[in-house]
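The structures come next, written out as structure tokens.
Across the two complexes that follow, chain A remains constant while its partner is chain B and subsequently chain C.
Our next item is the complex of A and B:
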């Protein structure tokens, strides 16, 4: 078996383990699906009248508008849950056993990220299904849905990289879990839940430059309207930026962990 | 000196409840970081919702122009819900670690053990509520008056007791911290599927139907009245009645689970 194929098998095995771990533990699954679904229902039902506000973009319904926000929330929490699970592995000594195995170190992180990406994929399908069941249209059709799925999956992996870096650096599940509120802060300070133009200062100013706003607009665009190349390009650039940051931080944290034990 | 054996039953029960509340307080003083998530979550929700949905007050039918005044009682009650649910998670942890077994072999009645946990949550809920309220005042929320403030704090303390009964019942049923998401999401749904985000007339039809039958809508309206208008008995008593009803139902369930818990 070639080196690449062997490494791919390691990544696949660790990715599958990560997915199984999440589905078996309600504490990990709840933030990814239950809370975002609940919040989607609550915000759609409670603030649905917002579509009548002057300046609100033309949408079929508030649910259609909110789908991208729910996917973002889900993928951010999937990244956080992935970080928690990796930190638990470090605390329990499982990662040490992997470090002593004859496999490249990057496959350990990549395996976890593959699992997080798969959860992102699942989340995007879940929320698209919820949207369709409850009457939201995907304006750009199958192509638009595919774009949203790809963007959500890639962003989950990118955000997972930052979660993995923090887990590798601290080795503490409680520290990574403590970032949960921060995830909500970053989301509220983006256009995930409301159009940027209608937000109140200073949230509005911050949301304008928050990279997550670019990603969420890229996901939302094909759902509520047509595919806009510029919007899509900005989303891809933002994801590449988050991936680069995650890779850089993960590589440094991994080196630190291997040096200090 | 009186020993526990010579104390009248009611005094021994009160002493046990006091000891359980003191234990919860010690937990808070020794691990102050443990209170941070309970304080942070409602604060983030308050700031986030205010920044994101603040423009909703421009809609016809909104009873106030200040969204921070409208939303602050919701965040205070949400903090009470989180704190109460956390009491359930702590009870589940105590069961996993064997602490509850030791309590169960003590001569204290089961209701006393439950009351200690529930009352501790009620007292603890005042911390996030006060923190969120202070931030709301800084941002310009209206002063609700002394009577409005008292009604709001009463609702917060009682809501935390309701949440603690819910969390404790689930902890005793599942005997595992894995039930934590159910404890938290249940409370989140109960508090937010109401007039939390907007007045009843502006809710989507399905949400309006849910809010109309959700007893916590009355609690929110009672807690909110001072912030968006004046305090009246007509707006207060439905909230009190709803809380009493919830406490009776969920308290009875938690007690039943407590009595069914074998060592």
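Our next item is the complex of A and C:
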């Protein structure tokens, strides 16, 4: 077996473990699906009239607009949960088992990210299904849905990289868990739940440059309208940036962990 | 070629030296017992030898590979079962062993075959599809051991494999370790249990405050500090005469109480009849008699001036070979 194939097997095995771990630990699964679904239901039911505000982008329904936000929230929390799970692995010594195996150490992080990506994929399918069941249209059809799925999956992996870096650096599940509110703050300071055009300063300025806004618009675009190449390009660039940041921080944290034990 | 060679190995954390210049050699096929109290530097040494921690000084090779420069080759040659069994409570035993097989690069079918065989070997076949979280302490240690063996490593590191286990589980682990060693696996075993080192190890290194204070076979270490002694429990009133007789047969040791005579003898159990006969000829009744050999704790005390920590095993107690008179 070639080195690449062997490493791919390791990533797959660790990714599968990561997924099983999430499904077997309800406290990890709950924030990824239940919390965003409840928030989606509450916001759509309570603030549906927002679509009539002047300046609100043309959408079929508030649910259609909110789907991208719910997916973002879900994938952000999946990344956070992935970080918590990795920190738990460190705390209970499971990472020692991985670090003492003859595998490249990046496969350990990639395995975790593969699991987070799979959860992102699951979340995108979940929310697209909810949208379709409750009458939201995917304006760009199957192609638009596929774009949204790919972007959500990739972003889950990217955000998971940040979670993994924090877990590797701190080795503490409670520290990673403590970032939960911060995840929501960063998300609320983007266009995930409200159009940027209707925000007031300084939130408007922050949201305008928040990389998550670019990703949200990339996901939302094909759902509420057509596929915009520029919008899509910006989303991909933002994801690449988050991936690069996550991998850089993870690599540094990993080196630090091995130096300090 | 030795399985492990360590020269001047050091590790400091900020200004604190956890390991300060450890030298040791472990031959192929040997069980090496690394004995020391909590915080002596055992685990830090093992973590360096298993490439989990970089040394801050010195060098070490395991299975012929440098632990820093050839870390990946080291990791392919060793099996590791660390102090706290590194098990995911949400996985089943079978999933864990199969994951370990994948980590060690075994093909899928071979990994499955070895996983099944190992689960059978450590008597976990019936519990293999249960989640590890529901296993007892002994089952977890056996699973951890099985996972460490999946790729048939040349050198096996066991960091306090029986700490916290009940005597039955402890004995099961000992038998398994002995059996592995009989099959040719070199075992590096850290322990704070004297009996464990004594029972299993071909050679023992005693570490205290980050330094090796004594090294050798358990017998040679014990012999180094003195011969065994006979402990005689006598009826009151006969002590003085008994001491006078015993002093002619061996070296009289300071008495523990008013009814006990301690006499160091050269030939151990072979000297017992001689002592009993002499006392009997003098009409002195012996209530009980024990041959007491020096223990590794005696060695530890002789080398460091203090006892190993006494946990749940009554360590530090002499090992009596009771012989009723």
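Keep this in mind: the second predicted complex is superposed on the first by the 261 of 261 C-alpha atoms of A that agree within 3 Å, B and C clash if a C-alpha of one lies under 4 Å from a C-alpha of the other, contacts with A are read in each partner's own complex, and residues count from 1 in each chain.
Going forward, contacts are C-beta pairs under 8 Å (C-beta built on N, C-alpha and C of every residue); 3 or more make two chains touch, one makes a residue touch a chain.
Predicted model, so just to flag it, every value in this text is computed and none were measured.
Residue contacts after overlaying the shared chain place A:43 against chain B, while chain C stays out of touching range. Within the superposed three-chain model, A:58 lies out of touch with both chain B and chain C [touch as defined at top]. By the touch criterion defined above, A:199 reaches chain B but does not reach chain C. Taking chain B and chain C in turn and counting the residues of chain A each one touches, the greater count comes from B. When the shared chain is aligned, chain B comes close enough to touch A:181, but chain C does not. Contacts of A:9 after superposition: chain C is touched, whereas chain B is not reached. With both structures placed on the common chain, the touch criterion links A:35 to chain B but leaves chain C unconnected.
Of the two partner chains placed by the overlay, chain B and chain C both lie in contact with A:25. Contacts of A:99 after superposition on the shared chain: chain C is touched, whereas chain B is not.
Common to the chain B and chain C interfaces on chain A are residues 25. Of all residues in chain A, only 25-27, 29-31, 34-35, 38-39, 41-50, 52-54, 62, 178, 180-181, 184-185, 187-189, 193-194, 198-200, 202-204 touch chain B in the complex they form.
Only residues 1, 6, 9-10, 13-14, 17, 20-21, 24-25, 89, 92-103, 258-261 of chain A touch chain C when the two sit together in their complex. Chain contact summary for the complex, chain C toward chain A: residues 13, 44, 47, 50-54, 72-73, 75-76, 78, 80, 82, 84-88, 90-91, 95, 99-100, 102-105, 107, 131, 147. Against chain A, in their complex, chain B makes its touches with residues 36-37, 40-41, 44-45, 47-56, 58-59, 177-182, 184-185, 188-189, 192-193, 196-198, 202-204, 206-207, 210.
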